[in-house]
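Below: one structure in structure tokens.
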């Protein structure tokens, strides 16, 4: 499998420029790079969804099949795309076997569902194969996509950030399976922003930067810091997370949650986040952590209890939450985060639209200035404030969401998986921005599955089946968290 | 042809340009009228501008009128299907001293030089009397009403209903709204026949749209039988197109009111020319078997004869439906 | 790391909403049958019910075509013009000029094949403009709606065509076993459609394309090719509907089919087909057609005055919608 | 490991496609002006151009309302019935029964306020059914389209109302500085609309809602409230259009506005407004209105035969679309 000198442009954007990459049969090859480096674009060329503007794709020495012959492409390569390719209106079973429901002849739905049930069980996805895919959570969707790609029997499999939405247990299960596949001679291309994972599962690594190929090496030959340097173009290593000074007990509470509950999601919960404090919340899928954050952010209406900021009770709804000084980074940037057709600037400044001019007016100059400030502050890679946000890569889009959440200089910041799909460097700057906000006195409630995120927290709450079961002070070990998340006492 | 020189004369005649707006292009009756216009214009050696067509849309009619005026029309012949909405346009034209002849319909408001029209109330009346007489004053009659928003449909419906009520109270009338659509009429008749298999009369307010669907339905129900059969349904139509005459000859329908497409065209142009020439008319009998009546101040109406055609006079050469090929 | 794997979240068997939505109109149909029977005993007579069915055959074919296109996430307004143009062209090419033919006078046996071919070609043309040129389906088919009707008027000079060859009137005018052939035809076509959409890959592909075209393409579905076929099938069905109508009415008016497209969409959407693609079934759409047919039949039987009939009709549709909403409890999409 | 830092990919300034798309129709308009002038010198006369503008005023108001709704990701077919019902109700309540009034004979000064209020109420009713009950906008407004027209026919018995009080005819019938008041009115309303959509919070909110309603809600926009207002504004504009039309035509026909909705959508979509929400501008929509008006004016002046005029009209629209596609190079959405 090889890409030889491929280039790809989207309008004025160069997504790939003269990239050559060869993947030897049977190897597990990692592809890393910062957000917008062109990884997903390369995937779309390798899967035949886009045609390269220059260069060519070859499989085992032969030229790639014609673009129209999707069947031939699918026999050569299976892929878990970064963007969901689940069709929400169809059932889980049909999504798993899309376009191969039967070998010609009528579809036998019963048999199909049974096959789907078996497949789901293998991957530990506890969903009814007959349920519409629209009912699945983000994580379940991701698992269904993985199960679909791995079950197609292709000898070459691409996984574009498969782990960005999975919890630790699911990632472990996935890796076990990948090792099995690799042992049986399947070739894999693995994309992730968790460099740890690259070292765990891959043999070789290729780095892309700014649409160009930078290097290809066996993973054993390249250290973590060198890898990061190749990705970022700066020869500096990652620093360890600095411990935050302990909070003064007399600091007032920024956020108070009093007996807050949502039927079916989590049970009455009381919690205080002090000004300047970062509180992490984690838990397995369906532990209720996301619902909790969404209630605080105003996206959901609590069935009992109150939320108060600076002593004043917050009403229901997002506008009330915003007014009270709560900023929210929602879970799914595609669904609740961004308006794809609008510009970066407009998305980033949406909550402060009332401050950009007199009498409800929005002065374009002021908006551009505000947006430019946010772009610089969060290091958003974009053509400028007027570029449509749909043209950003995943990680940069996530930064726009964070910029939006902090636009009003909130007293309380609620984050849900804020670094999902964000590259190492950006992750650092993102979390740095969160810390800076906290240092300036904002109370932060961060819901995350990622230990890297949680390391920035002053304390971490672990939820299990709708209840906080464990509270860990800074200095916890990874195993403690994992054990608590899985519901076994450490 | 589609590219006649605009504003020029397509008939090559002399004199002031006369404009004609056709009301629609999708009905047999009006298409016949459209064919007669250039023919009579040539005969009378008029300077006829290329006719416009307002496609049954009052907004288009207004737009066309404005365009024709800009192009220098000295008289306009039109047939506003919506008789209320033309008032303002008529006022404007009056101010510009451009005389208007309306054909088939009489504007509710505003002045015109002449209305060339057959008496639509008389249509309804004639149909009612014919049916009442044939049915002997009792039975069940289905009436396909035209659109309520057209004055002709309303006149025919009202006259038919009044006459039936007064003269033949023994006859039950089912008035079916059709919006001038054959498919609606067919569905309504089919339903009504299921409900009342003993229906023995039909009045169709427009043969052009209702004739074929009605015959087809009756044929499939084996109800298309000669008048001698007791199951015969008496059918009176309206328009006078050749297909109706054929059906009368075959005994499939019994009568139709011939709406004179040829005379409409002929006298519309006649009055338009007279207007340009500055002639004046008075109420009273004319030289062509008709009467001019003053319907209100400022509006004269020449009510052309609309003969009832039955088996007896269906072959009359004078009928316009016998003069054109099908 | 050892963990006792927590039991997967209880996979509560989701109520098959799609199924429920499908049946949402059944109570409405039953209610209409009861109301009809109360208003006039004739309503439930075999003859009347057969009439209702026959009157809806043409609409139902159009709805079938439109439903396929809607499920595939597209849109076709031009079907109503195809209903007129296809048979008009088929007939005009074979009848003598004296009967308003074009004058070619081809063999009469060709009328029906030409008609169907014209339907397919129109569908293909829509497909080219929408899929190949990337034009908006709404505006392309709106343009086609106007153009095709205009072409029909141009060819026939606005006249109705009366002298139809028997092959053209046959379909819409024949009775088999006491039921019109057109009704049998619809039953067969719908059965085939339901089977294809429910149990065959090409049918499921239409759902996938409407649900998420990118995902469908990624899964190896030749989305454009499938949609071309769908557009052509819809054109074919519209031409067939035109034939049925020509046969039933014994002539082809130059406005044949005009105004039907609103009814087509009303039936499909009342029947639970989403305007956003990927959702809906032919059975639901068929129920929608029946509801519309029953409502107008009942209003005719009840003798609602011409003055108010339209208001009542519209209101009944609105109420039917609200009821469908309350029975399924599912919010509809924009 | 050493890497030479590669320069960041040159961020060439992207062509502002949205801007380009907006102007896509300007060449078409220029071309039409040239063609018109060649066909008949009368075309470029002040009187003719003013006529074209005046004839399009009502359509343009409807297009404004519809464009707002479309940008917000919804749909309203019922506007064309509002054009008839709102002024009809306003007038029928004040004129004597002898002139086909209802018989209430309220003060004539109330006619215009009632008319506008009816428009707003209809918009609000659409809003309730769509936003509150979660019904499909397409089908709700289709039902409303039929029902409202039916109510108008019911109230007036299908008769035109022609004894209009002067307050009603004033707007559509007055000339200021040689240009009809209705044209001035449209200019003002469009200028306000363009400003609101481009530079005001509430206007931008409509784009956000149409682009992604969930994201808009998460960003603190009161999506339902904004859309209620949009529906009411559209209803108000439709009522205003009805007043203009009543004034221009001097009466209110029972089918006033009927068939306009197709034109409304054609103008909006030709003008680059997306049926999927979030995209389009009022300036583009206005250009669409002008194109339609110029095309019909030119076809009339050119004296295209009645038989073929509709086909030519449809074809011209299709060609305009393809040209718009080629100039912007952007694929349109379904």
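Odds and ends about this structure:
Letters A, B, C and D mark the chains in the order given here, with residues in each chain numbered from 1 onward.
Here is the rule we use: a contact is a pair of C-beta atoms (placed from the backbone, for glycine too) under 8 Å apart; a residue touches a chain by one contact, two chains touch by 3 or more.
Listed by chain with UniProt protein names: A = Sugar ABC transporter ATP-binding protein; C, D = ABC transporter permease.
Remember, it's a predicted structure, so these values are computed and weren't measured experimentally.
Any chain that touches chain A and also touches chain B is listed here: C, D.
Computed from the mean C-alpha positions, the centre of chain C (ABC transporter permease) lies at a distance of 29 Å from the centre of chain D (ABC transporter permease). The centroid of the Cα atoms in chain B and the matching centroid in chain C (ABC transporter permease) are 35 Å apart.
The distance from the centre of chain A to the centre of chain D (ABC transporter permease), with each centre set as the mean of the Cα atoms, comes to 42 Å. Residue positions 153, 157-158, 306-310, 312 of chain D (ABC transporter permease) each touch two or more of the other chains. Shared interface positions of chain A, defined as residues touching 2 or more other chains, are absent. Looking at chain B, residues 25, 148 sit in touch with two or more other chains. Under the contact rule stated at the top, the pairs of chains that touch are A-C, A-D, B-C, B-D, C-D.
By the touch criterion stated above, chain D (ABC transporter permease) contacts chain B in their complex at residues 39-40, 42, 45, 47-48, 51, 55, 153, 157-162, 169, 173, 245, 247-256, 259, 296-297, 300-310, 312. Interface residues of chain A facing chain D (ABC transporter permease) in the complex, by the touch rule stated above, are 11-14, 17, 209-212, 214-215, 222, 226, 229-230, 233-234, 297, 299, 318-319, 321-322, 328, 330, 335-342, 346, 350-351, 353-354, 357, 360-364, 383-384, 386-387, 404. Looking at the complex, you find that chain B touches chain C (ABC transporter permease) at residues 24-28, 30-31, 145, 148, 174-177, 181-183, 186-188, 190-192, 194-195, 208-209, 211-213, 215-217, 219-220, 243, 325-326. Of all the residues in chain A, the ones that touch chain C (ABC transporter permease) in their complex are 47, 49, 68, 70-71, 73-74, 79, 81, 83-90, 94, 98-99, 101-102, 104, 106-107, 109, 124-128, 130-132, 135, 169, 172, 284-286, 479, 482-483, 486-488. Across the interface of their complex, chain C (ABC transporter permease) is touched by residues 73-75, 129-130, 133-140, 142-151, 153-154, 157-158, 262, 265-266, 269-270, 274-275, 306-315, 317-318, 321-322, 325, 331-334 of chain D (ABC transporter permease).
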